[in-house]
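Here come two complexes built around chain A, the first alongside chain B, the second alongside chain C.
Here is the complex of A and B:
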């Protein structure tokens, strides 16, 4: 008898894994999805490193000659740089005007003064790791900096759009009735205008008035104010589905307020839908940012993004300088491919029924 | 059916009013006084005073809204702020070139995508199917800009098969000389995502019971695909084409900008550059209306494609 009593209490039943744990396990099984995840994380880390100045800090320094060749093409002829050098050389000897020039007596004094100020003439290198742009900036560093801006714009835009869409969708789906009618009306307005026209209308007002702020704020605002509709639709449907479920009624019974039920009880149960939509929106917004910046309605001229790089690349290609196009195009293609595959894997992992 | 159409049109009214309100708030309220917007763009003070009077800037907002509503319903948006051309004239003359490009694109792209998708769905699960899908995914992630830059450079500049850019007065010369390269580009770029989508539509149908029944009674696989599957898959394909249809009128504005095609898309981009609000306002409002009408037409068309659909 005592032996039975001495037995240790039965081990607690193993805690059942939650939605996120299960999804993570499924995602781990998906090899292509994991590779995509690694690539996306790599780009995100690069963005952070570039933002904090760990890498590509001096991307704007003109370190090479104009259109410097990539290191692996060191021998290629660079007519543009030669033309620049000739222009520089041609500047120096001018016609001697000293007999009629009223300032002539003071030139010597000025020359002496100028000599006192140390000017460090850096030697411009003939080649750069992945070539240089028109001003001799390193294309590789420029691409890293451009990635930072493009990804940052896409990500913050998508996060804001997710916020707007979730709040609207939650209100419409949870409250229903008149509130639902109002948001449906609002949704219909935004979706009946073709997306690109909607974006360009907002861009027109933003560029004309400057009321949307400075720097990258306008483009983030434009993308999120026009891009919330998809996520709103999904969240509204989820809220309608969940609002009468037992756990929500239980929450009501213990006295949880409407707000608490909406965002503390239901939201965690539908957030996987938002996550998939977030990653889809990020890809879409990165693409949109590139096109808007190319047209000159996106990031300001003193910043660099994939879009502004492609805008320069158009003219460079004609004179045979393909590296800027290749760098920006490839960086974007890799990230967008990885992000799209990751989105599909996330959807499969989070909602196995859909598969 | 008449009752259904009438009810749908009735339901459009609040949305159209909402679109007008949104555009009004955006351009007149957020946009503010045209004198400020146009400062430095128009030097003639009389012209600015004229525009302000026309819009009723000194009047209360409800009056300005009324002015805008009248503009929408009388098709009279006044004159462009930058070129002084009549907005209605701008819209009418720019639609032609856009349609010259976009109608062939829509026809070629849709038929090619349907044909290829049915072929890919036929060999589903094989290496061929999977490699085509991978190529599509990669092709989709390259920016449209990169395609345009490279194609224009390769076919226009290096090979010289097509003019790099341009447009003429004659429709046939446009279609034969200037349009092929942009059309080819748009088809090429649009094909990958559509092929993927349509393949999934076909695969959805292939797993249905009626397909199994058809196979069981001994219908050959090719006939199953062309007769049974294709006709049912046309319903989601139709929906998808309907989503793209309004875009036909704006055209691919990037193509129009690159190939200097004087279409609506390029006009809108120029208007945004010059803060030419009347042009953008007009294009946006009317395209929203066109979108709604197209949606209605497509819903009516379902009835003919799918007899199961009933109008409630």
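Here is the complex of A and C:
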């Protein structure tokens, strides 16, 4: 029985398509799903390009007049810009004090020095491709830069939440008994608190103690620490279902350890549930970041996200400047819709119908 | 059964008056992918169903027998394409061209159907009485009271005890056999002219199967119905059918009266089907398989194999007073003890096979799982070479895990769908440190694939690419990687087609001869157990009621329960064999 083959098979045939390959083939059949995939990939590429500085590097430069019109609305009246210009023009000329000023002899020296470092006053343009904000920053570039924070927060938050939820769910469902009781108890407490209140209390702690540092790290932490419950519930149910399946029993019979059965055997078979939940969470977290930023617990002022853009937009809308709201809203709506449809297609493609 | 079985006037080809249903050139294909070629499930078949006749449609899985029946009922799924020249004539009308309304009027009234799984065919939230009455109100226009009274009558007719009470039961309050009786009651409620029975006894125990077959036969002659009986089991066919249609791969290989088919089978496939099922009166060294016949060789290895144990045999595994009790939660704090296995003791001699038979719920699978410690035992001992496995710690048990292995019933569920066959085979070797390195393990896996009769390319494939029989071979190869001494086969061939069953049984026998493996063979199929076992234990309600050498127990059963089990086995094949000889 232990006879070793004299000549091991030389030609290794091609590995046949695995379930992932099959899932990909099924996904490719789904036209709507493929379109959403393209959109999502486009957004991801945009995010990477903006992070590496390929595009939207100088988003914070004030290139246009205040509330510059979008180029397709070039003729529209811009009262704010006019008011600013008038204020600028109304400044009285400086009074000449050189005859009484003791420092007058140094004027020339200062003027020379100032000339060296002086910024050339750029000519502010009247229009920008998709309009400008109060300080004349390009809304389009802001939106691109904002995607960086929003998508990053959504994805990493969802990944972390998936990790927590999967580990908890696997433990509760696989081990059962008291471990299950403990996690159920924990989960019940967590879900009994209203979601926004929970997020805000976490945010208050995170910002007050500064334990998570500054910037977007605390947001990711807050979202993942509060958002794991959905995945946990689904994974626990899947594990309870799978733990008594024959293939898991067979793995036990060959002596596979508990950890191996939990994560090597069962996890790949239930991963479709986690993946679908991942994309749903991503969408939810992008929206949650908007809420957090809107409420002031979000990203710091020197950064831009779709959330901060929407927060600014509420004042602008009163004076009829709708483009910032439109840009951030449209970008978010397109991504979220594409992501949701992709999620749906993914679930269809990944579900192992082949038992 | 009806005595018109041999009435020559009702033979096929006679005037159309005697024919209830004619299937002509039925051709059904399924669109599988958007662009791919449709898959042809039924390839232009024709057969007739005479009045008052029972026609058996026999074939293995994938032969197209169920698709043909669903086509008659107009219940094909949306992706089915029926070719335009197909015709199904029922009393002169073409059912394939009938409108939705016409079909609905015929379905349930003139043509009714019973399915394989009674539990899933009955609606769990309505009482059985309500479900039968619904059919009566819809098709017969009976009032609520009349329908209720008729439902009780029907339950009485299908042999449900105290029907006045049971008419108010919910499906879950009844056993599987009783549920199937209710299904039959619903099917005959409107006095149909044709009853289609799609594997109605496959999910049932052998004693229940016998009762249901008798019931169907009795109803057929009493109500002058025709029956289209779909089955994979030729033994059943011999008991019930007048005419037989043998299907393979969507084509009819042979059709004729039951006498013709059993006495003078013409087609090699029919011959093979008749021969490859283990029989109670024979035990050839190897079972004949389909390929032997298709190559035109006829049965080989017909010499008998001797079975039995002797007191001098070395014992490898001894089970003493094994007990397993499950606890069900009852109420808030209550617990109810359900004894699944009670004081089971037996000895397994080295290189021999012990068969464990019993009906569902008898505890035979629990015995297997408890011996392997896949279930914690409640009491007793399992001595493996003198060492009590149940007393070992998990760590100590690891050394013994390798030596006792199990092959499960369902080859579709017991292989991890996300692993390649290679991963499935290499994993246990890695866990138990068999083979010096990865290369040696892979080579050993290739060797074993060859040994169980699979091509080398299988190593790189996933389980879903294999048929049931091939998957069971993979499961066997996985056990062999660990060079076990004891192999527990838990209904390992029950889910397989007859021809594949023979191949797997032959493989198990070869492996036992080669490696001196000892088997505990758990099955509800008495013929298979008789064939493969040296010693047979009969289990009922958690206890072993009788244990003896296999020839002896079938020749002279001592216990009442054993006699009942043995008398329930369909004897169609043996009858046919007697006629031929």
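Basically, the second predicted complex is superposed on the first by the 306 of 355 C-alpha atoms of A that agree within 3 Å, B and C clash if a C-alpha of one lies under 4 Å from a C-alpha of the other, contacts with A are read in each partner's own complex, and residues count from 1 in each chain.
Please note the rule applied: contacts are C-beta pairs under 8 Å (C-beta built on N, C-alpha and C of every residue); 3 or more make two chains touch, one makes a residue touch a chain.
Quick caveat, the model's predicted, so the values are computed rather than measured.
By the touch criterion defined above, A:255 lies against chain C but remains apart from chain B after alignment on the C-alpha atoms of chain A.
Contacts of A:200 after superposition on the shared chain: chain B is touched, whereas chain C is not. By the touch criterion stated above, A:340 is placed in contact with chain B alone, chain C being left untouched. After overlaying the two complexes on the shared chain, residue contacts for A:223 are found with neither chain B nor chain C. Looking at the shared chain after the overlay, A:170 reaches neither chain B nor chain C. Contacts from chain B toward chain A in the complex involve residues 14-15, 18-19, 21-23, 26-27, 30-32, 36-37, 137-138, 140-146, 149-150, 153, 157, 246-247, 250, 253-254, 257, 268-269, 271-273, 275, 277, 280-281, 283-284, 287-288, 291-292.
Listed in rising order, the residues of chain A touching chain B in the complex are 185-186, 188-190, 192-194, 196-198, 200-205, 207-209, 211, 287, 290-291, 294-297, 306-307, 310, 313-314, 317-318, 325, 329, 332-334, 336-337, 340-341. Chain contact summary for the complex, chain C toward chain A: residues 33-34, 369, 372, 374, 398, 401-402, 405-406, 408-410, 412-418, 420, 427-428, 431-432, 439-440, 442-444, 446-447, 456-457, 460-462, 464-465, 475, 478, 480, 482-483, 515. Within the complex formed with chain C, the residues of chain A that make contact are 1-5, 8-9, 12-16, 18-19, 29, 245-247, 249-256, 265, 268-269, 352, 354-355.
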